[in-house]
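Below are the structure tokens for one structure; questions will follow.
First chain written, first letter: the chains are A, B, C and D, and each begins at residue 1.
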Amino acid sequence: MSFVLWIPLVGPLAVAGLSLLLRGSALRRFVGVAASSAVLVSGLLLVSAVLNGDVPESGGGMLRADALSAYMLTVVGAVGLISTWGGLSSAASSRTKDAAGYEALIALFLAAMSLAVLADSIGLMWAAVEATTIATAFLVGHHRTRRSLEAAWKYVILGSVGVAIALLGIVLIYAASVGTDTPTLSWVLLSQSTRGLDPALITAGGALAVLGFATKSGLAPMHSWLPDAHSQAPAPVSGLMSGVLLSVALYAILRIQSITNLVIGPEFLRTMLSIGGLLSLLVAASLLIRQRDYKRMLAYSSIEHMGLMAIGVAIGPAALPSVLLYILGHGLIKATLFVISGRILKVEGTPVISDVRALLVRRPGLAVPWLIAMAAIVGFPPFSIFFSEVGIIMAGWSVGLGGVVGAALVLLLVIFAAFTRLTVQMTIGAPADGAAFTPDYSTHGPRLPIILALATTASIAFVAEPVGTLLLQATAVLGGTN
Amino acid sequence: MNAASSAIVIALVQVVLFVFLAPLLMGVIRQVRATIEGRAGSGIWQPWRDLRKLLAKNPVRGIDSSWMLRVGPVALVVSSLLLCVLLPLVGTIPFALIPSDLFVIVSVMLIGVVALALVGLDGGTAFGGMGSSRHMTVAALVEPTLLLSVYAFSIPAGTSTLSVIVETRLLSPELIISPVSVLALVALSIAIMAETARLPIDNPGTHLEVTMLHEAMTLEASGRDLAWLEVGSWLKLAALLGLVSNLVVPWGVVTDFSALGLAIGIVSIAVKVLVLGVLLSVGEIFLAKVRLFQVPELLAGSFALAFLAVTASYLVA
Amino acid sequence: MTGIGAGLLLQLGLGALAVVTALVAAPSLRSRAGGILSTLIAVTGFVTGLAALLGATGGLLIPIALPMDPLLLAPDRLGGLFMLIVSGVGILVSLYSMSSTRGPDASRTAWVAMPVFLVGMQLVPAATDSVSFLLAWEIMTLGSTVLLLADHASRATVASAGIWYSAMSQLSFFFILAGFAVLAAVSGGTSFANLQAIEPGSWAANVAFVLFLLGFGGKAELVPLHVWVPRVLPEAPSHVSAAMSGAMVKIGVYGGLLVCVRLLPDGPVWWGIAIMLVGGASALYGILQASVSSDLKVLLAYSTTENMGLVFLGLGASMLLRGYDATAAADAALVAALLLAVSHAAFKSTLFLGAGAVIHATGERNLDRLGGLGVRMPVTAAAFGVASLGAAAIPVTSGFVAEWMLLQSLIHGGRLDGAVVSVAASVAMPLAVAVIALTAGLALLTFVKAYGIAFLARPRSTAAANAREVPALMRISLALGALAVLALGLLPGPVAALVATTVSPDPTAAVQSVGLGGVSLPGIGAVLDPIMLVVLSALVAIPVLVAIIVSARRHPHRTVDLPWGGGGSRARPRMQYTATSYAEPLVRVFDDVLKPSRDVQVTHVAESRYLVERVRVEQSLSDVIETRLYRPVLNLFQRYGLVVRHVANGSIHRYLSYSFVALLIVLIVVSL
Amino acid sequence: MFETFYPQLIGLCTGALLLTSALMVWRHSLLASIRLLALQGVALAALVAVIGIAEGESELVLVSLLILSVKGVGLPWVLAHQSKASIKQIQESPRLNPTAALLAVTLLTILSYVVVSRVFGLGDSETGHAAPIGLAMVLIGFLLLISRRRARSQLIGFLLLDNGIATIAFLTSGGVPILLEFAVSLDVLLVVLILHVFAGRMRTKFGGTAVDQLRELHD
């Protein structure tokens, strides 16, 4: 089974190389889809292995797939598939000279994220996360406009600085392990409870690592790069970044947390993540009230959801299954939304909310999936985000974070109201001028990925077997007993 | 004679008696007023003569009026007749399944109120609507007073059944002059004045558009329609005066059925109602109609009295 | 699988089928097919609910991927009762919608949402754990929101109604979620069986109670969370308004009962007082706004607030009385509240359907432009009339019986065995009676106005003059609704006895059926037999009718062109009293509460300023709670939203400073 | 012999690191900053070599060569890869005046000492004693990022920050595993290259590299 671990790393790289060779071929469009399919398939294979009680390892223990890693890999693959497949049209439209590089970078991006979730060493995980920045830098700046250049600069500077802080934290964690008999960065070894790591170093290291990775997962106050990058990147890239890159960083936080919990208990990071989560919700709520740009609106929505997930992580094992399900639900839906937003941008030619009106009447083909995905993202059932939110809120009170969860609910309400208002502005109503128009039923791109994403999110929460088991196993990996 | 059949007999007697008594009461009230004002008056039988005249005329109906103009007056009469059946006037022997329950009686009365208001609207004129609107406003505002004042009476008796309340007062007369009872009685009287469109809320003798309430609604009715409206209103006034008189002077009502008792009951209620009618008429001489928009103040005052009566009877007793 | 489980599963299956049908059916067939399937869903729910109400047990397990208590749908008797209410309304609405929906109301979206809404409402009372409760709750909200927006392209107000509704629904949802979370945190599980183990007086129970009151109060349209009502119910298609007001609002009531009767029984006395206060305030405020409204559907919407206020008043009184061991009165108050909910479902859905028929026939919902519809739409007029009587609590309708029972329990609640129960009760009970009395009085005015102005007199617009009776299916469902109002009013005994089994451990001690369907409250000693009342009325009516027949034979009536109109010969329809003028005295009386804004413009004749050419008076009424409570808060948020943009002003230095400050803070905290 | 000089050598290297950092804040010329950065790279390499010799780990000596080539030569070369004439004229006009900046440097250094003393307990070893220098470099690097307007100046701040982390790594634990060190170096190199490319694009699009101009994206 262990060869499967290499597929998500080698596969995308191979197709990336192929895409550089296939300059000008029509097949090149499908590089991203092929790469994400490779990731998804290997993820599913690893999931089935994990469910059979196996923990595949490879590369001398450098790569390792337990339940959590396998799950995350599957999420990366699934969201990648939705983003790249759904974004096929927009990628094809930009036939500039670096279109080949675009596809190759997407594949590289996927490989980096796969490495981040499969790496056993925290250091390697860090390097992979940094590699995502490198891979996406040119993707964010893909359009080569002033704005996209600005977004890319901010993204790289803020992202690298943040991840550098995480490196500092990892260095300190390593320093702590140097104090014991075997210095290591393997998180499997670090999270063996009997190592006697120095609590002060682990506190400092854990705090800095979490702060650093919080940058990549879009938690306030380290979030500032996110709205700019998400709004300027091509839609599939925004979908990938928002859908999984943030979650991969959250995965890193989860791993760090499982180490610190053993040494210093959960309280310290719980406080930190609660504050970060609430701040994120506050930032999202504040800036959504008078938001003008629908791609930025989606970006702030990602900050909001990452904030709630951070609160879930703060709560601990009781909320972790919900958080993990959340990662999948949010990833798929957010990717869908970004894909549709890309199509709206293409046909409407403006990212300004008040310039896009009566979309439901004028372009039902885009507005209907947009509205359904919006309902899903704000947490309506049967979509799985509903269950995740309910699970996190319920668990919050039981570990004594009632105040945090209560405050989160207040902010969520503001966000919901603002979100509804903006969505209604965009979609509902009649065209202002009353001019004649013909309803446009076209979806302006492949509709199957959107349907798949929505259907999966709508049904996944009701699949007790094997999803429930997998989530429980993944939680157990992190030291949860739930 | 068992309870059920005696209840039926008393109900029958009450209905017949009050159908006879109500026009007479109106006649007396008008005549007393005329006499005091120094007019000759038309005699106490004039209402009867009016009725006979109205029933013998061809009713005139507007082209847009609906069945409401025909059904409404009948509903008013029936509701007033039901009041005569249910209230403890001649005797206090109620029907087992439909006792003279306070809330039922108020609701029955409201059927008449609604019927009258709808008749007023059905004509499709400004006057009818105006009367209807004012009538309903007063009816809405008077209801709290009405319910609370009788609620106050019900507390010593432990039930909202009016016949039991009257019996309780008969057995322990000290209740009648208790401060609680006096408060409640004043409140109830004001409520009844409002419900029956008497001074100072409405002037029954006017057809001046700015002041009239009740009359405005009947403007479009004629012939037998008008007759039923008049009879219904008279019956209501008579029955409610009968109730007040029995609450103040409960002696004479039939509690155990007997022929002699029934006779005494008939005579006593007739006397009580007519005496009260005279008092009402004399009282109205000294009253002027208040402005429509001062009526709420009056009703609020009466509501306060009734509320005081209820809480006092809980907390003092 | 048991019968109940099969019923629920069948509902879900039919719901899915209806969704698919709506997606694929041709537009011409969509309403027919959707209506039939919706009716089937409602009928299935009706049967299932009835079985549960009669004591059948069983349920349906929903699989879930998260580690939680099992998601079990298994209605108890109370749940069965509410399933019955909801599905009863559902049947009426589905039948009606088959021929009422046209244009955007019959769109694919609307017909997808309809079964979702119906099924969601059915499942809420069936839930036996908080997560499935919330799940069904949100499905219901989602379905109703989509239905509300069906007509978004033709009226701009629909969008704002949609925003208000979504936000207020989410507010309710969050309150309820928080309430369940608090309880689950203490009890360690999410199933109702676990939650019941909470100690009633505990801190958590008190917090949860307040949260639930706010949450369910919002759904039940209680003041001050009612602000969505006057926007949403009028803007939704009428059959949806009927379902919302008749059924969905009852789910809020169910929530209240679930908390106060099932989960946290024997709460402290202040719970009862709090509920009574909220209920009483809602009743008065709702009916006051209804009485001065000139828009038929706004009037009905506010009247819903009033009725739900009375239901909660009864619930609160029952809790208060139970706290003082006045069990008989407490039971009666609770049964009265339930009866009121049942009867409200019947009459309010009929009223909304009637309003829909009026709109269908005239395109108008402004009472000031209606009139004379009684002769043009006799069936609608009759059904609307009967339902109006129910809403005004006039005998012998269902509303009357419920209000009677409520009043009985209140006036007998102040004393127990001749002794004063408590000071609180002896102040609360008379106040409650006064509130109910004033409410009933104003309700009377409101519905006399609504019926009288719309259906009597002369048409005030050509649309009203040209109105024709609505199609057969709409008439049938209107007639069914009116029949339900009458049946519930004529046979309250069996209904009340059945209802009592859902909340009282010893139902026969609380309520019994006597005589011909009459109801008796043994613990209080009150009895009422509406059929006897009908019989007595018939008996006294006989001589009157004989007199009429005799008189009519001798003196047939004469019809003239115009009403007499006080002598004026040019009494045109414009000169009639309108709904606005009808409520004018009331607006003056309650000036301080309603705060109307008046604008009088006097145009003088050019030659002399002592002569007036014309006077123009404008008066507008707005919801005081919205303008005084919500508006300032919303404006504050808008201003904040503008100011806070500076946080993300685009400066990378500022963004880096955020990170730097965070790093410094973390370093300092770590080294403390 | 080496043991006696060891503490002095460590002190010398770390002192050079701190000095170069402070000078970078003080000096506004881009060229001077790049030279200081090269100097710092050399100092860092020397520090690693000293530690390597002291601990007797040949691996670390290898790492020191890597650092010398990347941080001492490679990156400064990349940054200065422009005609010397133009780069000489580039003068930074910082957002923070020099006095305040140097005061901030002092405060940040003190904070570093406090933090490290709490976290590491300022242990017995000379390396542990010098560790606060590394943290101070990180914070000073951050300060540069915040206070510099030009794209390249920001880049230098970032590199300073990175040097600080490396310093801490070597002083506290003798460096992270070699494979990771390679990965980290590669990542940093790539990031710098990317930023360099962006800076080039910025010059063509905006006609300058002032980061202040990047204000189009905001709420």
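One rule holds in what follows: a residue touches a chain if its C-beta (ideal position, glycine included) is under 8 Å from a C-beta of that chain, and two chains touch if they have at least 3 such contacts.
Computed from a prediction, not measured in an experiment: that's the story for all the values here.
Among the chains present, the centre nearest to the common Cα mean is that of C. Inter-chain centre distance (chain B to chain C, centres taken as mean C-alpha positions): 35 Å. Centre-to-centre separation of chain A and chain D, using mean CA positions: 31 Å.
Separating the centre of chain B from that of chain D, both taken as means of CA atoms, is a distance of 100 Å. Averaged C-alpha coordinates put the centre of chain A at 43 Å from the centre of chain C.
Of all residues in chain A, those that touch two or more other chains are 153-154, 157, 161, 203-204, 227-228, 287, 290. Chain C has residues 645, 647-648, 650, 652, 656, 659, 663, 667, 670-671 in contact with two or more other chains.
Multi-chain contact residues of chain D, defined as those touching 2 or more other chains: 115, 118-119, 142, 145, 211, 214, 216-217, 219.
Counting only pairs that meet the touch rule, the chains in contact are A-C, A-D, B-C, C-D.
Chain C meets chain B in the complex at residues 291, 371-372, 374-375, 389, 392-395, 400, 403-404, 407-408, 411-412, 414-415, 418, 420, 423, 426-427, 430-431, 433-434, 436-438, 440-442, 444-445, 448-449, 451-453, 455-458, 514-516, 518, 525-529, 532-533, 536-537, 540-541, 544-545, 547-548, 551-552, 554-566, 571, 573, 575-578, 581-586, 588-589.
Across the interface of their complex, chain A is touched by residues 115, 118-121, 138, 142, 145, 151, 154, 158, 161-162, 165, 168-169, 172-174, 176-177, 180, 183-184, 186-187, 190-191, 194-195, 198, 201-202, 205-206, 211, 214, 216-217, 219 of chain D. Chain D contributes residues 95, 111, 114-115, 117-119, 135, 139, 142-143, 145-147, 211-212, 214-219 to its touches with chain C in the complex. Against chain C, in their complex, chain A makes its touches with residues 153-154, 157-158, 161-162, 165, 203-204, 207-208, 211, 215, 220-222, 224-225, 227-228, 272, 283, 286-287, 289-290, 321-322, 325, 358, 360-361, 368, 375, 379-382, 384, 386-388, 390-391, 393-394, 396-398, 402, 405-406, 409, 412-414, 416-418, 420-421, 424-425, 428-430, 460-465, 467-468, 471-472, 482. Chain A contributes residues 121, 123-124, 126-127, 130-131, 133-134, 137-138, 141, 144, 146-147, 149-154, 156-157, 160-161, 164, 167-168, 170-172, 174-175, 178, 183, 185, 200-201, 203-204, 227-228, 231-232, 287, 290-292, 296 to its touches with chain D in the complex.
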